[in-house]
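Common to both upcoming complexes is chain A, partnered first by chain B, then by chain C.
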Partner chain A sequence: MDLLDKESKPEINYTTATFKSTRVMNGHSIEKMPAGQLDFRISHRFGRINSGAYELFGLDQANIHFGLEYGIFNWLMVGIGRGTYEKTYDGFTKFTILRQSTGAKVMPVSVSFFSSVAINSLKWSDPERTNYFSSRLSYVNQVLVARKFNQSFSFQIMPSYVHRNLVETELDPNDLWAIGAGGRIKLSKRISFNAEYYYVATSTTYQGQQVYDPLSIGFDIETGGHVFQLIFTNSVAMIEKGFIGETTGSWGKGDIHFGFNISRVFTLK
Partner chain B sequence: MKRLSLIFLFLGLIFTANAQKFMTKNGYIGFFSHTPAEDIKGDNNQVASVIDASNGEIVFQVLVKSFHFAKTLMEEHFNENYMESDKFPKASFKGKITNLASIDLTKNGGYEVIVEGDLIIRDVTKKMSVKGMLEVVTGGLNANAKFIITPEDFNIKIPSVVRENIAKTIEVTIAMKYAPI
Partner chain C sequence: MKHLKVLFALIIIILPFCRSCYYDSEEALYPSTTSTCDTTNVTFSGKISPMLANNCLSCHSNAMAGSYGNGIRLEDYADVKARATAVQGSIKQTGSYVPMPKNGGKLKTCLIDQFDIWVRIGMPNN
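Entry: the complex of A and B
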């Protein structure tokens, strides 16, 4: 045994499973689909809980987002999706810059870069003017920095920049800066408690309504090939462009949406 | 003179002892779990092992994270939920070939061997007795064995939701090619 210990070189021990899913809650985590794996995701956000018994506390309304996401390499994933919210199509890429590791190489954090485009496909609000396709586009860039402190606690911060080509009014800025923070605490091997908050530095309104910082809390529940995320949030949109700049619900007023993300992974190669 | 011959005798012993040690760093250990719902197969090609042919001692050492699976999610669950490989990074076996006398290292050929020893997984030690094949070939030794282990024996808890997918007993396959050191 001593001989083997002497012979075995110190290895780089990369940290794995910082988060259970590619999402912390609404937003992306540093996790990526590994090469050749396809993730089919269905997410729901119901209406506001404070809409009362007539709306069955929001359950009568449903916003859906579904997506197909694929790992090209272990360090690069891409995805496309479509959401009810503003009839938006979206596409994104996410890639690894640094991987947290111990052993022969020590790296305290994992860093990924996330970039997405969203295409709003609503009918033009003013069909009379000359409308350009580019007016439908918005862009999001995020740097995701995460650390798995131990088996049960992981934390991530995400400086974010949102650019919207066309905004409704002069009061709405085209550029938004925000910083997010999210984390998870494992309650058992298969259940974790997650929370995610974005501070939007550019304070703004959206279509005349006050915009609030998005806050989401919930649980990851893992069952074999599925990860369920149960979520309480003040945003309806399930993509960055929507929840960072256009969250008009307030936790204080009880504008809370219940929702879930379901992820089913298929191995393609 | 007497002292000198003693020294030579010792030197000779050391040399022969050295020549009778065989080692590999890229041996294979795989395991297989079969249920009607799912087959799970893990492969590890980075197994380190030493056989001391002078006394029959045999040692295996495995990095748990080096087991690879067809589905990455399986690998993650294997490391995170079942083996807890951050807490227990290594598994090992230390034992002895009990019928060493019946092996002739100078002649190429296959021998059935019985190895007895301690299998340590997740810091749990279990006494094992395994029947295997040891083959003397030109330039080394080949060893092959198959045996059954039970996850429960190593405090691996399998929750009810996946009980249909993971077999009660796991078949382990060992295939090693040793070179002399």
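Entry: the complex of A and C
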């Protein structure tokens, strides 16, 4: 046995599957698509549960986000998407900085960097004034720091920065700073419980309405090539710019949206 | 080939950083249109129709109303005139009509005021 130990080189064991999906709930996790794999995502957020039985507790209205996301390398993924919410087009890149590992090299956490641009394509509220294309843009940068503590528990924190080129009044901040925390608890081989919360340090209003911190809870259900996520959230937007800065629903008042993310992966090479 | 791949990767990583950041606000950019609400020159073509187009017609256009707008059309003057009371109730979100626009948003006070004014002056088709 001693001989064997001497001969085998020390190996680095990289931690895998910190999260099951590239999203914790609304926001991104440190996970990326492996090289050559294309992820087609369809996400829905229905209306507010407290809108009553006439609206079938929000199910009568649906907000959709489509996304095509691709792993260029194992450490780099890109994606584009389009959401119903404010008719927004979005694009992002996400890349690995550090990988959690044990063995020959010990690294306690995985770190990824996420950066995105969103383009609001709504018609101008006043088409007669001089409107600038730049006014449609907003940007998000996030550092994602995650640790898989054991087989059933992973935790992630996300310091985040959101910049909006155009806001409504001089009092509204163009820059938003937020810190998110999310986690995953495995319930069975195929199901896990996930939760995600963002604390938005720059409290603000959006279009005259009070903005709340987004809180989402839900389940990941893994079924072969699909990961199915069921979500309860107070946010209707499915991209960072929207749920960090523009969540006008409050859990306390029952402004909760049911929703889901479906992810289908295609191997392209 | 390897170099090309690395170059490509670098471009994709660097792209998001090459941005033009602006620190604009509507209040500062368009002082004339946001600080005061134009309540004197409220016409159907100038104020009401654009407001409906921007906020309502994604569901309540002639084409979409049947499938998304519960059959309520707000594209033509005659339809808007016939529905004016319901529209007022919906956009003010006072409870007697289904609150609009959906998803909890509310129109800016100025737009609601202008619709009120247009109803009060007899809903002219101008």
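As a convention for this text, the second predicted complex is superposed on the first by the 263 of 269 C-alpha atoms of A that agree within 3 Å, B and C clash if a C-alpha of one lies under 4 Å from a C-alpha of the other, contacts with A are read in each partner's own complex, and residues count from 1 in each chain.
Definition applied: a residue touches a chain if its C-beta (ideal position, glycine included) is under 8 Å from a C-beta of that chain, and two chains touch if they have at least 3 such contacts.
Small disclaimer: the values here were computed from a predicted structure and weren't measured.
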Superposed partners chain B and chain C on chain A - clash or fit: fit
Which superposed partner A:189 touches (first chain B, second chain C, both, neither): first
Which of chain B and chain C A:10 touches, first, second, both or neither: neither
Contacts of A:170 with chain B and chain C, given as first, second, both or neither: second
Residue contacts with chain A in the superposition, chain B compared against chain C: C
Which superposed partner A:225 touches (first chain B, second chain C, both, neither): first
Partner chain(s) touched by A:252 [first = chain B, second = chain C, both, neither]: neither
A:37 touches, of chain B and chain C: first, second, both or neither? first
Angle at chain A between chain B and chain C, C-alpha centres, nearest 10 degrees: 150
Gap in Å between nearest CA atoms once chain C and chain B share a frame through chain A: 21
Of chain A, residues touching chain B in the complex: 1, 3-5, 7-8, 11, 13, 16-17, 34, 37, 151, 189-190, 223-225, 265, 267
List of chain A residues in touch with chain C within their complex: 47-48, 61, 63, 72-73, 76, 78, 92-93, 95, 115-117, 122-127, 129, 132, 134-135, 137, 139, 141, 163, 165-170, 172, 174, 207-209, 236, 248-249, 255
Residue ranges of chain B in contact with chain A within the complex: 21, 23, 25, 48-50, 59, 61, 63, 65, 70-73, 76-77, 79-81, 84, 86-87, 89, 92, 94, 159, 161-162, 165
Touching residues (chain side chain C, partner chain A) in the complex: 8-9, 12-13, 15-17, 19-30, 33-34, 50, 53-54, 102-106, 108-109
